[in-house]
Amino acid sequence: MFNGIYTPVLTPFTRNETIDYEGMAHNLSRWAATDLSGIVVLGSNGEFVYLTQEEKEALAAFCISHFPKTKKVIVGTSCESTLETIRFSNRMAELGADAVLVLPPHYYTGSMNESVLYQYFTDVADACPVPVMLYNMPANTGLNLGSALVARLSQHENIQGIKDTSGNIVQLAEMIRDAAPDFAVFAGNAGYLLPALSLGAQGATLALANILPQECCRLMDLFHAGDLEEARQLQLKMLAINHLVTRGKGVSALKTAADLLGYTGGIPRRPLVPLQNEEAALVADTLRIYGALA
Amino acid sequence: MFNGIYTPVLTPFTRNETIDYEGMAHNLSRWAATDLSGIVVLGSNGEFVYLTQEEKEALAAFCISHFPKTKKVIVGTSCESTLETIRFSNRMAELGADAVLVLPPHYYTGSMNESVLYQYFTDVADACPVPVMLYNMPANTGLNLGSALVARLSQHENIQGIKDTSGNIVQLAEMIRDAAPDFAVFAGNAGYLLPALSLGAQGATLALANILPQECCRLMDLFHAGDLEEARQLQLKMLAINHLVTRGKGVSALKTAADLLGYTGGIPRRPLVPLQNEEAALVADTLRIYGALA
Amino acid sequence: MFNGIYTPVLTPFTRNETIDYEGMAHNLSRWAATDLSGIVVLGSNGEFVYLTQEEKEALAAFCISHFPKTKKVIVGTSCESTLETIRFSNRMAELGADAVLVLPPHYYTGSMNESVLYQYFTDVADACPVPVMLYNMPANTGLNLGSALVARLSQHENIQGIKDTSGNIVQLAEMIRDAAPDFAVFAGNAGYLLPALSLGAQGATLALANILPQECCRLMDLFHAGDLEEARQLQLKMLAINHLVTRGKGVSALKTAADLLGYTGGIPRRPLVPLQNEEAALVADTLRIYGALA
Amino acid sequence: MFNGIYTPVLTPFTRNETIDYEGMAHNLSRWAATDLSGIVVLGSNGEFVYLTQEEKEALAAFCISHFPKTKKVIVGTSCESTLETIRFSNRMAELGADAVLVLPPHYYTGSMNESVLYQYFTDVADACPVPVMLYNMPANTGLNLGSALVARLSQHENIQGIKDTSGNIVQLAEMIRDAAPDFAVFAGNAGYLLPALSLGAQGATLALANILPQECCRLMDLFHAGDLEEARQLQLKMLAINHLVTRGKGVSALKTAADLLGYTGGIPRRPLVPLQNEEAALVADTLRIYGALA
């Protein structure tokens, strides 16, 4: 089911914090023209937590209808309650989502033990008409999906992969070693794409691919072509801009970079704030050093 | 505005996971007959993250109308986006909430620096027709509202208190020292009620007060009457059951204890699970040792 | 065995990083003239990790012989290995130490489970001719001595107390509740002295008491005299200078403050560095605001 | 200076906790017969924190004189104070150590900022007659040496490499990108040897190489020969036994495995305890599944 490079697409907002559908259409057409295998809508980079249920449905429907059928659309459908995640996943499947991406519920961090999480993902996968991709994102959720839990969940026929954004490369190796044969382990951040590929990762879902989709695809191609030294150079080259638009300055920096590169980034929704001038200048400089900006 | 003991009320669900309004009415009538100064609806113990927007509005309206006007009703109105928190806070004020309790947005943990959080709470307080109580809950949010930030926010005329569930007693002391004169610092857990009172806390919002409201009020009364040794004994006595229904086994244990003591606890919503038999037996034993159960 | 206020004495060094015994003698004579119950030599504030074994023995012997027999001298004897801690504890007892203060070994953090720590402290206490005080210092060791472990250890007739510097006030309450009757629970930081006393702590070992010994003793006296409001005011007043000389700027700030108040602080040993000018000015200002400096 | 696979050698103890020099000689002769580039004496796996200064000197001298001059001997010389680390490093150089491995001082975690650590390592490197290898070990020290600090330190002509046991693969990539040209970045754990090599790591210092030295060397050879799929399989195969003898059960498990494979492991020094029977059986099973044991 899952392989190749995906990007969790940003959601452009206009100055008055409404979704900029025109900008979104523009971005979708650009991503469609790349080697990306697909997109993830309503992911962390899409500011899904800032969208109302109505906006989520409308935006997902829009992306599905404006993106080529030859590529895949995965929709983030995480809610805190089992019932709502199931309801929303079904709705997204109706709208044509190829798969759903699901975080562990995490508000009651202390109660989310392995048994509770196993049951949650099993309940969701049982009830969901399209494949489920797990989403491990400890920095935002405070919870880690360990390799033993992931191995158990990978036995479910409707749980077909994981996006692992933990950055724990040994754990990622264990997932690859222990998961069911067709289960796809995806790197969740471009900072460790090459290491993940060296261990057998089938793909990646990368914020960086919003703005440098071909570069991300090229790294994967270089690796598969056996051009390891070139791949290594590219991996090291990517680190600076990738850090800035993910861990460093987050969605706001990603949007600034998108605007600079001809995408429509727009502003983030509050409480997130646009970059300050010197931060924006740093993004521009970093893109220039990379060679992505004149 | 704020003083005395509040309880963040649990939300009873029936076997099919719908809100048990009859049970809620029963609980409200019991809490109304105590010395509690008020209740918090849609707090962490109310499983607010598992309720839809429609359910939240209906439940808040129900509690406001079924609780005596002589006591206060604070409603939890935290959403991730500034816009939604403002919209929902206004709606709750229309329905008659005396105040709102607001968490820091926390999904983008890394971006929620002090400046962003200051602006968020200021925006919400500016737009909210009723007083705002801050809610510091690091265990669930991964974010701490430090005493310097709280001191700044306490200068806003519509930010009138904080429920601090961090358990950092030095930080709580600093909040009391630095906040504006009428700003109320509330202990957020019964485990450190007496230490907080010894430092000048004006009140507390306690999960334990769902099931032992008079005991919580009694500890505060003993302290204010200068009966320190009795207060100390009661504080130590409370620790075991309090731990079990908060950090230990959470909302599920609170609901089991509620059922045992004649309240309607009901089951939690999934993914939370009811206590297993031996866990429930431990809750019963702990209540018996306390003397709350025959 | 243990009660009252102790201070973990700083070790003054001269410009060439040798122990300043003259300064030490001066400090000891000043502490001797206060209401302190005793001192702790070779504690964290004494930079014990920067002293050679020879220096440790010489310094402990010096302090024991230069401090009045009417007060107590506890010596920190923590080594990583069981054998060395026993050997050094015996040596200190020979030299006249009234008791020893012992940290958990912590380099192999992941291996130091409750069973290993229980055995360690039991082995040490079995072999030590003077009473053992446990020392819980998670910020420096990465390990917490939980209340269940402390309760078990408190049953050992030669383990007679704990200095708890964790700052977890609920855990401190649990220790008081669960430990053997004559076991002494000491607050390990002046930031929560009053809260700890309100729960029944028998004493405290306070870095702040190096420089403000009488103020620390006064807070305890006020509490025991039932003058809670005065005690509360003093507790809040102490927070700023206490923070600066402990968590804030550590031993270097403590030494600067000591010099300002007529003690011999001297410089810290490398890699610790003396405060920079503006940091030193902040210490002076904070002491002035406190009223300890003209 | 540094490349290839090193092992941080274990220190065998007899039943009465004295160093088993005969066992050590046996082990050294076996390691000498492998493709290892060298050994590290007095590292974490050597229980250096449990050895007295006298034992450290004697053991280092013994290893240096019993290991072939064609391979390298690095000695761990970390002390908490700058003076002692310098003194001990000089002594080890006199005894013939090829280089020293130095941890950041870490007892005063909160005071060890980047500036203090920079000065510490610079002072040590200035005064040390042989090259210094930095040692990043956050799990044991509570401190991380970030890539920016490492890049600055790599400019010092006598600081020639780092053993990075943090497991943060992005940080390791940044170190490779930013360090001075001849500075060697070493993986510090076999769990991520292949990912580290894919990024350009020059070598590794691996606890696992105590017991499976040729396997560790073979993985590096496979990588350099371009046999990526074979390397990948070997990396995944190594994970289980590597986890057990490092993060999982630590030095005690490493010693049990050593005994099983014909090395002299012996017992650990207290407070560390030998594995219990079922833990030892797990080590044996894991070695059997690996194929290292019949």
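Order of writing sets the chain letters: A, B, C and D. Residues in each chain are counted from 1.
Keep this in mind: contacts are C-beta pairs under 8 Å (C-beta built on N, C-alpha and C of every residue); 3 or more make two chains touch, one makes a residue touch a chain.
Which chain is which protein? Per UniProt: A, B, C, D = Dihydrodipicolinate synthase family protein.
Source: prediction; values computed, not measured.
By the document's definition of touch, chain B and chain C have no common neighbour.
Rotation angle for the C-alpha superposition of chain C on chain D: 180 degrees, rounded in steps of 5.
For this pair, chain A with chain B, the centres built from the Cα atoms lie 35 Å apart. Put simply, the C-alpha centre of chain B and that of chain D have 50 angstrom between them. If you draw each protein chain as a dot and join the dots that touch, you get one closed loop, with every dot joined to exactly two others.
Every pair of chains that touch is listed here: A-B, A-D, B-C, C-D. Contact residues on chain D toward chain C in their complex (touch as defined above): 17, 44, 49-53, 80-84, 105, 107-112, 116-117, 119-120, 123, 139-140, 142, 247, 249-252, 269-273.
Within the complex formed with chain A, the residues of chain D that make contact are 167-170, 173-174, 176-177, 189, 191-192, 194-196, 198-200, 226, 228, 231-232, 235-236, 239, 243.
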